[in-house]
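Chains here go by letter, A, B and C, matching the order in which they are written, and residues are numbered from 1 within each.
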Amino acid sequence: MRRETNIEATVEALARLVGGTAEGETGRAVRGVAILDSAAADQVVFASSPRALEQALAGPAGCIVTGEKDDAKGRTVIRVGNPRLAFARLVAYFHPPAPPAPGVHPTAVVDPAARLSSGISIGPCAVIGAGAEIGADCAIGAGCVVGQGARLGPGCLLHPRVTIYPGVTVGARAILHSGVVLGADGFGFVYDGRRYEKFPQVGTVEIGDDVEIGANTTVDRGALGVTRIGAGTKIDNLVQIAHNVQIGEHVVIAAQTGISGSCLIESHAVIGGQVGLGDHVTIKSGAVLASKCGVTSHKIVRGGQTYWGVPARPLKEYLAQLAVVSRLAKKKVMSDK
Amino acid sequence: MRRETNIEATVEALARLVGGTAEGETGRAVRGVAILDSAAADQVVFASSPRALEQALAGPAGCIVTGEKDDAKGRTVIRVGNPRLAFARLVAYFHPPAPPAPGVHPTAVVDPAARLSSGISIGPCAVIGAGAEIGADCAIGAGCVVGQGARLGPGCLLHPRVTIYPGVTVGARAILHSGVVLGADGFGFVYDGRRYEKFPQVGTVEIGDDVEIGANTTVDRGALGVTRIGAGTKIDNLVQIAHNVQIGEHVVIAAQTGISGSCLIESHAVIGGQVGLGDHVTIKSGAVLASKCGVTSHKIVRGGQTYWGVPARPLKEYLAQLAVVSRLAKKKVMSDK
Amino acid sequence: MRRETNIEATVEALARLVGGTAEGETGRAVRGVAILDSAAADQVVFASSPRALEQALAGPAGCIVTGEKDDAKGRTVIRVGNPRLAFARLVAYFHPPAPPAPGVHPTAVVDPAARLSSGISIGPCAVIGAGAEIGADCAIGAGCVVGQGARLGPGCLLHPRVTIYPGVTVGARAILHSGVVLGADGFGFVYDGRRYEKFPQVGTVEIGDDVEIGANTTVDRGALGVTRIGAGTKIDNLVQIAHNVQIGEHVVIAAQTGISGSCLIESHAVIGGQVGLGDHVTIKSGAVLASKCGVTSHKIVRGGQTYWGVPARPLKEYLAQLAVVSRLAKKKVMSDK
């Protein structure tokens, strides 16, 4: 897809921007980024695999961001250690964010006892409760609801229709997508033999700096304590984070995963989509949970390897089990013939 | 459940309406549709299986929509090729939609630079951004947010509290249920060895004509390119469609399914609930994915059969594997005794 | 986490409040509840297991809610039959709900033909349709949309941004969290050989008394009949309840579970997270479905035991199957060496 931007830069300037080395026609003008199968002669693409490089070389792209030792066959390239990362920065350069102009829309409802810092934008029909604190340069989209006493650090971006319950704290530069709900009651009930009585959920949620949370994801408040999401953690759409969960820094959680109450997820864990963790699970730093796996309550999952299956096992073990079952079923079919 | 409508028609007229043949008391008055276990003498029911027909014949329904060769035992019937389809049209006939009166609610916030066609209804506290185009006869519910430059074709129905991010395109007659989010950022980050840096998501979403999307479902915008959903495709509640996914026409996707980035789903595929697709999966036309199955990244799933399990296998294979495991476990239990 | 409240009571008074027996310094002042690892000398904690009691005894908590025969080692305790339940009531005592002051916010849009009872609070930008009935003392959060003819019983609490479609009925004291959608169309289409035609969803939803529904959960309206959720049932976040489902009383459903069309779930069933039920499944009273299990269409699941796996089997059976597969895979690995 060709996207028109008015930004233009030489290959050399782009190389400087991403800390790389320009090669070939370094004075060539670049006017945008593109994906491999739709690049034009004034656009830059990236190649982070031999196959992608081959495809890039076969196309008309004016510039290719590639690895430090790749054979460029004489084409104009920018060489860097991490082509995908460099390209991400080029995308940001050619598509600078367009923050809304500061100001409070006349239809927004801001409690007189809310505290707004400078440079803030508050969209139509957004609602800010008493005692809420909104950090500098926050942009709060249309229809968002920020509850009493909630606090947002500077530079947060709330897309339309986010709900932040009272008392929740969000760090600097968080990005919350539409439909996110932070601080709803945890799922806590006590059975008295006939019916369930609510265990009041009087804790809160604390979100660190630079966290991004996807559309319609829910993070429940602690029962008594705090549900915590560490700095730099990225969470996809439709994820459920239950009460009292503790998530470290730079954790990645893909879509539709569910984390039950009081789980501890250490920094730098990677969790795929549709994964389920029972309550009180510990995921150690560096563990990788493959999509759709399930970890039973109170388990401790060690770091340094990948897990799959329900219940989750080390990947190798699970694949061995799948193989043995497949072999037996085939044997059975053969012997039945 | 008896629902009062003021609409009345003879069996003969209803038969004409659905292209069927009336039999029995064709002049009889029908005043509504009903389900089998609660029909009255002035209501029509349908029977698309021998068991349902038996139940219908045992009840008081004034008219039965049934197959072309079913034994009606002298009862008043409308014979058609597809009783369920004919009945759906009778339901629509007796329960005509009640679209809101055209007009923009005084509390709606419509940017002066938005373009509204004729016959449009915009509900309370809805927000329409600059440059957005709303096709003729669209109904936009309370609290919806349509971003800058988004475009809706004619006849769309947005239930309350839908978010359409800037630049997203929706075809004619789409139905979007409450809480739908179209165009949030895809889940794209690059790890630099210490932290995750955002890969800017600057693509968009294009939704075809006659698409219906269920409550709280999310469709992310492309990273650079377009996330596409083809004409006539129907998506249930709480489904996740990631960036750059390409979905063909007349695909059905049941609730809570997740489609990872860059998947290609060809037309007329059928996908059950809680299914998960890894990234870059291809589902060929006519494939059926049973509920809860999981397809690993980059796989190509052929059409013409049903798949189940994690990882997904042809159904027969999976059932054979389940059977062999069950047999072995029973043998083990016996030998332990 | 220490939370300041201005409420203070003696151990004796608290014991009376929960129907327990005070022991030790019964005149001691208690000023709040706490979790085990952060209690102070003027706070009460609870211990419902020997390990928790040991931890409580090792800490400084001024009062421990414990079982009737536990060895308190001379500490000040309140003895009760169900310590967790008693503690929940103490949490409620020290953290009384703070309902919003009655009144309709000037930015709320209430149709003149809506009927509001006394003591109601309606938040900013909430929308109440014609003919809707709101029971006494209901609190309706900012941005909620209550459709035409919907009815809420007395004492309901709708957190911000809930959608109730037209005609839906909710009982007394229901708690609906942010993003809940009640009454969206069920997923009903008829394939005519080329495309899907909508089966109009003209039924409704009826929610019983004392139901709590978590954030972003969706409950679809019946196709012709009613989707029903019985009194006292508790549903977690991001759950999908399809059209015509019948759920009994005091059922518990954890996060991200999906219940397909026309399922019947009897009272006092317990359903874990990420469970999937095919259509027309029956779950008998007292059955327990472990997280992530899947029940295939039309199955009847008997009460009195726990089920796991896809397809769901009695837990013992499933564990035996897992064990036999694990053993075989290990044997294979050994024989390959």
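Everything that follows uses one rule, which is that a residue touches a chain if its C-beta (ideal position, glycine included) is under 8 Å from a C-beta of that chain, and two chains touch if they have at least 3 such contacts.
All figures in this text were calculated on a predicted structure; none of them were measured in a lab.
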Problem - Fitting chain A to chain B on CA atoms, where both chains share a sequence, rotation angle to nearest 5 degrees - result: 120
Problem - chain C against chain B, contact positions shared by both copies (same if over half, else different) - result: different
Completion exercise
Rounded to the nearest Å, the gap between Cα centres of chain B and chain C is 27
Fill in the blank from the handout: The positions of chain C in contact with two or more other chains are 107, 125, 143, 161, 179, 216, 238, 256, 274, 310, 325, 328
Handout entry: Interfacial residue positions of chain C with respect to chain A in the complex
Key = 1, 3, 33-35, 38, 82, 84-85, 88-89, 91-92, 95, 105, 107, 123-125, 141-143, 159-161, 175, 177-179, 210, 212, 214-216, 232, 234, 236-238, 250, 252, 254-256, 273-274, 291-292, 309-310, 322, 325-326, 328-329, 332-333
Practice task
Note which residues of chain C are touching chain B in the complex, please.
Solution key: 107, 109, 125, 127, 143, 145, 147, 161, 163, 165, 179, 181, 184-185, 187-190, 192, 194-200, 202-203, 216, 218, 220, 222, 224-226, 238, 240, 242, 256, 258, 260, 274, 276, 278, 294, 310-311, 317, 320-321, 323-325, 328
